[in-house]
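Below are two complexes that have subunit A in common, paired first with subunit B and then with subunit C.
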Partner chain A sequence: MTDLDTRLKTSPAESTKPGRPTLGAAVLTVLKHPATPAFIGMIAIWLAIGIIAGRGLVETISAGIIIATFLVIVGIGQLFVITVGNGGIDLSVSYVMTLSAFLACQIMAGENSNIVAGILVAVVAGLAAGAVSAVLIEFVGMPPLVGTLAVGFGLQTITLVYSGSVVGVAAPALSQFTTAQIGPIPIFGIVGVVIAVAFAIILKRTSYGRRVEAVGQKPVAASFANARPALIRASAYVLSGGMAGLAGVLLAAYSGGPSLGLGSSYQLASIAVVVLGGSLIAGGRGIISGLWAGAVLLTLLTTLANITRLSGGWQFIIQGALIVIVLALARNPMARR
Partner chain B sequence: MTTTPPITRERSTAPTARERLSGLFGPWFLPSVAALIIFGIMVALRPLVASPTGLNLVLAPLIPLVFAVLAQMFVIAAGDIDLGIGSFIGLANVVIAVILPSNPAAGILFLVVMVAAYAAMGVLIAVRGLPSIVVTLGMSFVWLGIAILILPTPGGVVPEGIVSFVRFNPPVVPGVIIVLTIVTVVTALFLHRSKYGAVLRGSGSNAEGVRRAGWSVIRAKVSLYVLAAIFGLLSGLYLSGQTGGGDPYIAQSYVLLSIAGVIVGGGSFKGGEVSVVGAVAGGLVVGLIGSLLQFIGVQSSFQAAAQGLVLVLVLVLRALVNWIRKVRRTL
Partner chain C sequence: MPDESTQDTLVVQGVSKRFGSTLAVDDASFTVGRGELIGIAGHNGAGKSTILKVVNGTIAGDSGTVTIGGTPRSATDAVAHPEHLGVRTVYQELSLCASLRVDETAAIFDHAAKGLSWRSKAWRSLRAVLDEMFPGHGIRQDATIHELSIARRQMIECASSFIESTTPPRLVILDEPTSSLDASATASFYAYLEKRAADGVSVIITTHRLQEMIDHLSRIYVMRDGRVLSEQDAATATKDSIVAAMGLAAHESERPVPEAADGLPVSTIDAPPVTDGEVVVRLEQQSADGNTADFEIRKGEIIGFAGLEGHGQLLALEAVYRASARRSGGHRSPKRTTHHSVSVVGDSAYVSGDRGVRGIFPLWDVAANISFSSLGKLTAAGLIKPRSEGALVNEWYSRLGIKGSPTDPITSLSGGTQQKALMARAMAVGSDILLLEDPTRGVDQATKSEVYDLLRRQAAEGQTIVWYSTENEELRNCDRVFVFRVGTIVATLTGTEATEDAVIALSFGGQDAELLDGAGPLDAEESVR
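Coming up: the complex of A and B.
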């Protein structure tokens, strides 16, 4: 504190500003961080639930971060696809989740010993689906929207035909894992935070992650820096498929078993959390902390809508309008160039 | 062009036979042939399809889809993609089945506001340079949400006047043929032969050129979105008249099908490169494939995949053709 005071005196140029400059600067940095609006929104809705419903704040958030974790996992894949740019978007995630859930639950068949095999199959199925999208988009030259949607419809058909003949049950231990708590702290919510931190490190601290953002900013410049844009972009689709597969099996375990509508709400929501979190929709900048906050925000918003008995129509309107409004208010990605 | 003689090139600049041929046929040619072939297969399977009644039965369900394809075509002409057109058509259907019968003025006002909202969405996308895919996807949930608020479960009754208008079928020439011909000719003349049609297409393919010619690119793009909304409403109108009731989810499959129709019809995602005749033919191809699959007894759950597969195949084939052309040019 004294340090701040002396600096205030010794720098007359900054003394015209109110308050302490360095503290102000620090606050400003935090406020200007792209993830801040998502955190503010998250806290606002959290408090609103407490006030409106009179529910305990701790139980609200601990339930919230469990359910948000599925969205965090899918959203991270979507974030990588959006961040590599070139109009990247993965509309197949919801279909990958549903198919992976059915596959994994058939393999697990309610036996704890099959957990690893089940998760592995779900992830591999997702990776394969992502690889098909990647080939269609990067090597055949389809627009990402069409490539992923076409793969999605293919998967949907496979799921429709295949799901009729199987009765899959998630392994009970995996189901317990998704809902277990240590005191008030939900283990699965912590898993979500750990995954988010891990991928934030991958994106911001590894050479692969730096290439992902570089390719999204300027593919030509990135290729001079030894990144192969087509390969980096392809890897993002594969990653997104794998993450969607993982989220699918976990969600099936959480909800007791697979269902045909399992992933459907995640198609828009996975894009929404990327946008809400302050990542650039045109690519080049991914913010995973913001994505996590955005996922909790959306989950709490659904909780709030359920508490206030808002109809499903309003939930659609709020979610859709939220994306458009955030996009409209966000800094124009075109002005970046 | 004419003042600079080709000195170094040995071949003359006069169009070759192949170039003249492709200029004559244009991008609409292949999808039209494809539509006729599929229709021919259907006739071969069930000869009654070729009768006026059969023609009406087969083609009538495709009219709303063709309108949706044309709506999508306008957005693709702007260089954008519309993922909200299915929900928008569903909302139009719900308004026509629920609000219009009880309060015609409010219903019409609602439909006008919907077009205005589409224009506003176009302004937002054009002025702020936002990705159309995400904005229209977000808006699709807004349309769907509003439709569900108006009509939570399928129901409502479409006014008798609309039903008889849509099912209008004179004895000699099937009504569907009349509708398809009028819509195709009028839209094609406007987009491909009128001055403003050229400006509209230019806004997607060569925005800078349009700007330098003194036209407003933003106004052109907004016009395209308004046209898309109007065709979306027409699609909803025909869908309402044919089904007689309202359902918010009725046109969800149109999102992919309309994109497929435009692309099959020779359109390009690059913007500006669209063909009205091609889009109508493309819409018929995509729709007829669905009918054909039904004819030969393919489960409806396979149809989405089959139609998606057609889209993928067309794009793969086109990528292949472009690649061969590139290789040939470099040789």
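Coming up: the complex of A and C.
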């Protein structure tokens, strides 16, 4: 990532060498980057859609990037949880999204003046859910898989009971914002890129981010180097909850209002994009650029499946096969732990 | 064998084994007669465990022969199933599967237990031994291993090695078998061994409880630096004679200062102890018999924690780390261990010799590994400054003479260089206290000397250094040495009065005692998490 590149440039070995690294070496560095297979896969499917459907490439990618942004936002939280290691995984994200969507839409009630309050309520609800997961996992000692699923089921029940009495409508301005374009450029897609860049900087260029990766590699070593593994891991679950809450309200705005199945497809997709992007499922290395490409890839894959009018079964088979191919490409010595 | 009754059960001739640059066993020879109980004594790292593993064929030696029951084999051959030769081994580290039941565990050792009722058959074999070896043991057939106390687990291990099975035991090797057993269990255990010895079973025991060896065994071999240096008849041996052999014998071999008569000074630092500096660490000790004592460590001192492995040094060192403040000069509430209350003024950095688990971050390059503990001072407006990070890393590359590029993956470095990088990580913090847990484990001699020089310079600059080492030789770099036994500090040795012999004599002390943190690093790991 960016910090690695910077360090390469400032390292003494490099500066003492005469001249600059050759173009070939630079290309090799890019090809070896763990995010590369996700970008290649993304571009391949994009082009395939253009060829098969004869659709405009620009419209395809700009629509894809908008829809992928929801996945990027949830996926970033998931990436932090996976990167802190110790079997970290957050299965509650889909339930957090749905509940947050209902809460936010009730607050907004179709009024633009309530947008800030609505988003705030959604994010805070998500942070709270993440905090409960963190307590169950880090202080009660439940395995992450079970802890987050338990929280998710709790939230699902709350949503079922609570949603019966609520008719929420998203604020129209927020709905327009998620679909607005300047020429061919989707504004919401740009927001997704900005969020991804911000979190890439947090992960790679702050001491908090370094601790996240360190704890994911060797929690005992980190504890002997002045980091507190339990606190770092707990923070990742809280972050993941907050991101899922944000994604929930935005998705509700995009689709006009909340629904009970709103988040369900994001539970496993959020995990898939983390792995597709070159992050290690065992923790210790998070790649946010790859996650972004992975999210666009998955979104375009659905588009491709839809336009080829294949039956649902075949769509899943093709999706699965493509994911296997990307992961096979992404295998490198560092990933084998 | 035609004349098995007169033959020696085990003859070891000229066995050597080298691990990397360390000669773990050096031309060792000994014999064990049929129906004889013998002991092997020696300090940590003397090569006891290695020679026993070559005997039972777990590891292949580099040279020599091992003759079991008259059948010779080259020591360079490993043996897949030593139990088929009638050789059974109980290792020092408890090695039972925690999730198995007692009867299932017995079935692992009892190859005769087959068929549908294998559990009951195996249990009957085990119980026959258990009832005799440890009367009133109170172990149930259906208990799961992890529910049992360490003492009961040790009983099961000891008893399992005497199960008849398909090949009856001929030679049983017991590595610290009684470390968790109380006096009465130990007595009945040895009574059982003597009874089986009368049937012709031979036993080799290693233990740090020297009195046990003298009371119950016939002969004792003493090892030091991989060599079998002395053979003593238990009837005439005394604790002092064994300790003397463990400590002094080696001085006959190549040592830098030939001073065999008085023993080598462990500490070569003649300067008077620091008595005027401010107290940085205070250990308030309460021993099992109710005595209390305070130990103070002052700014700029180098303190060694010595003693036998697992006697509380690690617990005390980690307590110092946990009691340290987050920032220089800060305070925190004291941390308690079983025998100590530790209070610290200032912050600390920790270097572990257990690089793989407690040291390196394997996915990162060397630079990120070194800067990790110092990120706070490399950050501006929340972001790490690459230029400052690079400068810090380069500074420590040159100060420690680390070879290669900071962008090399840490895992591509040799063990010694990785250790230097970890020293750099801890020293770069510039903390008030530097804590070292066996920092030169597996490091070659040249790097060791560099590390010692570096530590002296750090101490001269006012950093306080607390150093736990399993190598007594290393403690000569300390101003004062605290000797631990059974969890408490039994003596502090200053400067030249800290000889290697004094440390060894004090570590074994007056009475045989139980190991405290036998599972040491594991317990400690939990406590830090």
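The rule is short, and it goes like this: the second predicted complex is superposed on the first by the 292 of 337 C-alpha atoms of A that agree within 3 Å, B and C clash if a C-alpha of one lies under 4 Å from a C-alpha of the other, contacts with A are read in each partner's own complex, and residues count from 1 in each chain.
One rule holds for everything that comes next: a residue touches a chain if its C-beta (ideal position, glycine included) is under 8 Å from a C-beta of that chain, and two chains touch if they have at least 3 such contacts.
None of the values given here were measured: they were computed from a predicted structure.
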Statement: Chosen between subunit B and subunit C, the partner touching more subunit A residues is B
- request: May I ask you to decide whether A:141 touches subunit B, subunit C, both, or neither, giving the answer as first, second, both or neither?
  value: first
Task: Pick one for A:220: touches subunit B only (first), subunit C only (second), both, or neither.
output: second
- prompt: Is A:284 contacted by the first partner subunit B, the second partner subunit C, both or neither?
  reply: second
Task: Check whether A:207 is in contact with subunit B, with subunit C, with both or with neither, and answer first, second, both or neither.
output: second
Message: A:328 in the overlay: touching subunit B, subunit C, both, or neither? Say first, second, both or neither.
response: first
Query: Which residues form the common part of the subunit A surface touched by subunit B and by subunit C?
result: 334
Residues of subunit C touching subunit A in the complex: 321, 326, 349-350, 352, 357-365, 367-368, 372-373, 375-376, 379, 382-384, 386-387, 389-390, 394, 397, 405-407, 409, 425-426, 429, 525, 528-529
List of subunit A residues in touch with subunit C within their complex: 3-4, 6-8, 10-14, 201, 205-207, 210, 213-214, 217-226, 229-230, 280, 284-285, 334, 337
Field: Footprint of subunit A on subunit B - complex, ascending
entry: 81, 83, 121, 124, 128-131, 133-135, 137-142, 144-149, 152, 256, 259, 263, 269, 299, 301-302, 304-305, 307-309, 311-312, 315-316, 319, 322
Query: Where on subunit A is subunit B touching in the complex?
result: 87, 89, 136, 140-143, 145-146, 149-150, 153-154, 156-158, 160-161, 268, 271-272, 275, 281-282, 311-324, 327-328, 332-335
